[in-house]
Amino acid sequence: MSTVTVQLFASYAEVFGAPKLEIALDPGSTVADLVRRIQSLPSGELLPPSPRVSVNRKFASPDKLIGSADEIALIPPVAGG
Amino acid sequence: MSTVTVQLFASYAEVFGAPKLEIALDPGSTVADLVRRIQSLPSGELLPPSPRVSVNRKFASPDKLIGSADEIALIPPVAGG
Amino acid sequence: MNRVAVVTRAIDPASLIAEVQSPQVGAISLFVGTVRETNDGRSVTGIDYSAYIAMAESEMTDILSEAGDHFGVGSIVVEHRVGVLALGDVSVAIAAAHAHREPAMACTRFVIDEIKKRVPIWKREHYVDGTSEWVDPTRENRAPAL
Amino acid sequence: MNRVAVVTRAIDPASLIAEVQSPQVGAISLFVGTVRETNDGRSVTGIDYSAYIAMAESEMTDILSEAGDHFGVGSIVVEHRVGVLALGDVSVAIAAAHAHREPAMACTRFVIDEIKKRVPIWKREHYVDGTSEWVDPTRENRAPAL
């Protein structure tokens, strides 16, 4: 088990009432595993089925492996411009 | 016979060494008639076969009738922008 | 040279133009996004922009690099503002310069389109009725995000 | 509101942006043309622009009216400079504002394309070798006009 920090922004930070989450993950966990863990938290059911995730400031595919040193964020629908 | 003033610009003004020409036209003359008259002047052979002509600040077709009160110009290839 | 920035101060489009201008270029295309008083029929009083700044700047840098490859434009500058913006305020400005006008204009269009798709910036609109909502352009009916 | 002008002073693109900006619009597109140091492989030292001013302004007014019809853009400003311009000087600037970005950008592109086709403005380029030529974009090989 290792713990990763997941940054939250905008509407997702409001869902959890916090700017970040600390999530314990088994070794070899993927982005998809992380998303399932977050969706199982209180209020996690308010997330969309497949929220976008960034790893080290790049959008990551669901099968990407996560390490404890990675910079991870959950990315709500973007609305820049 | 009436006389019209034809404004010249840019390369066409250089062809004739003047900013305007005074051309005598028969009543009922058209833009095409005017162009033929101008092409028959000294240096007129340097004009293209069908130079653009404006009448009252609008591009005019060859069959447009010309009156003595019209504002007429010979328009070289444009290069604005 | 290219430059991107997420800023918390007012954006000055003229300074972006000056930054890309040079005797090597013949065309400069600028796009400016501003806060509009109505959106989807609702009266807006202002917008709070927020961003995942490090990733937003990284993603915009990638976009400019792609634009450079696509259009041969070597001089593009983007600034996106975050924080509380009032009606009429500039939220984003993009300037691109090229020898010719077509690549400059195509570049600017590409960059704003990509920013709207993939740069992690969000906006909460405030309305005259006192309510506010996170804008979610992915929703057909423009219901609030979440 | 639309405005066109042939001017003999420096063009300030920022003033055109300010002129079309308002809380009713969300997007401003600006195009700026500048004097480039090379054209068709020749080194340019400057350009003399001249115009049939009355017709140029009339034709540009028509172009903005057509652009308004095509793209629903109601706020477009164009300034074209004439006289002796140095390298880097702005020869033309076009600003268009709209609620949304696509019409604003399409409008700017349309206006510059039409200006190049039909507005009676001419330029004589001066080259480092001391020669100068009237530019004729209609010639395939870019030989001098006449």
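Structural remarks
Going by the order they are written in, the chains are A, B, C and D; count residues from 1 in each one.
What we mean here is this: contacts are C-beta pairs under 8 Å (C-beta built on N, C-alpha and C of every residue); 3 or more make two chains touch, one makes a residue touch a chain.
Every value quoted in this text rests on a predicted model; they were computed, and no experiment measured them.
Chains making contact with chain A as well as with chain D: C.
The geometric centre of chain B is 49 Å away from that of chain C, both derived from CA atoms. The centroid of the Cα atoms in chain C and the matching centroid in chain D are 24 Å apart. Averaged C-alpha coordinates give centres for chain A and chain B that are 73 Å from one another. In chain A, the residues touching two or more other chains are 81.
Residue numbers of chain D whose C-beta contacts span two or more other chains: 33, 101, 112. Two chains count as a pair here when they touch; such pairs are A-C, B-D, C-D.
Across the complex, chain C meets chain A through its residues 33, 49-52, 54-56, 58-59, 80, 91-92, 112, 115-124, 134-139, 144-146.
Chain D makes touch with chain C in their complex at residues 12-14, 17, 21-39, 87-88, 99, 101, 104-105, 108-109, 112.
If you check the complex, the residues on chain B that touch chain D are 7, 9-12, 14-15, 46-47, 54, 57-59, 73, 75-81.
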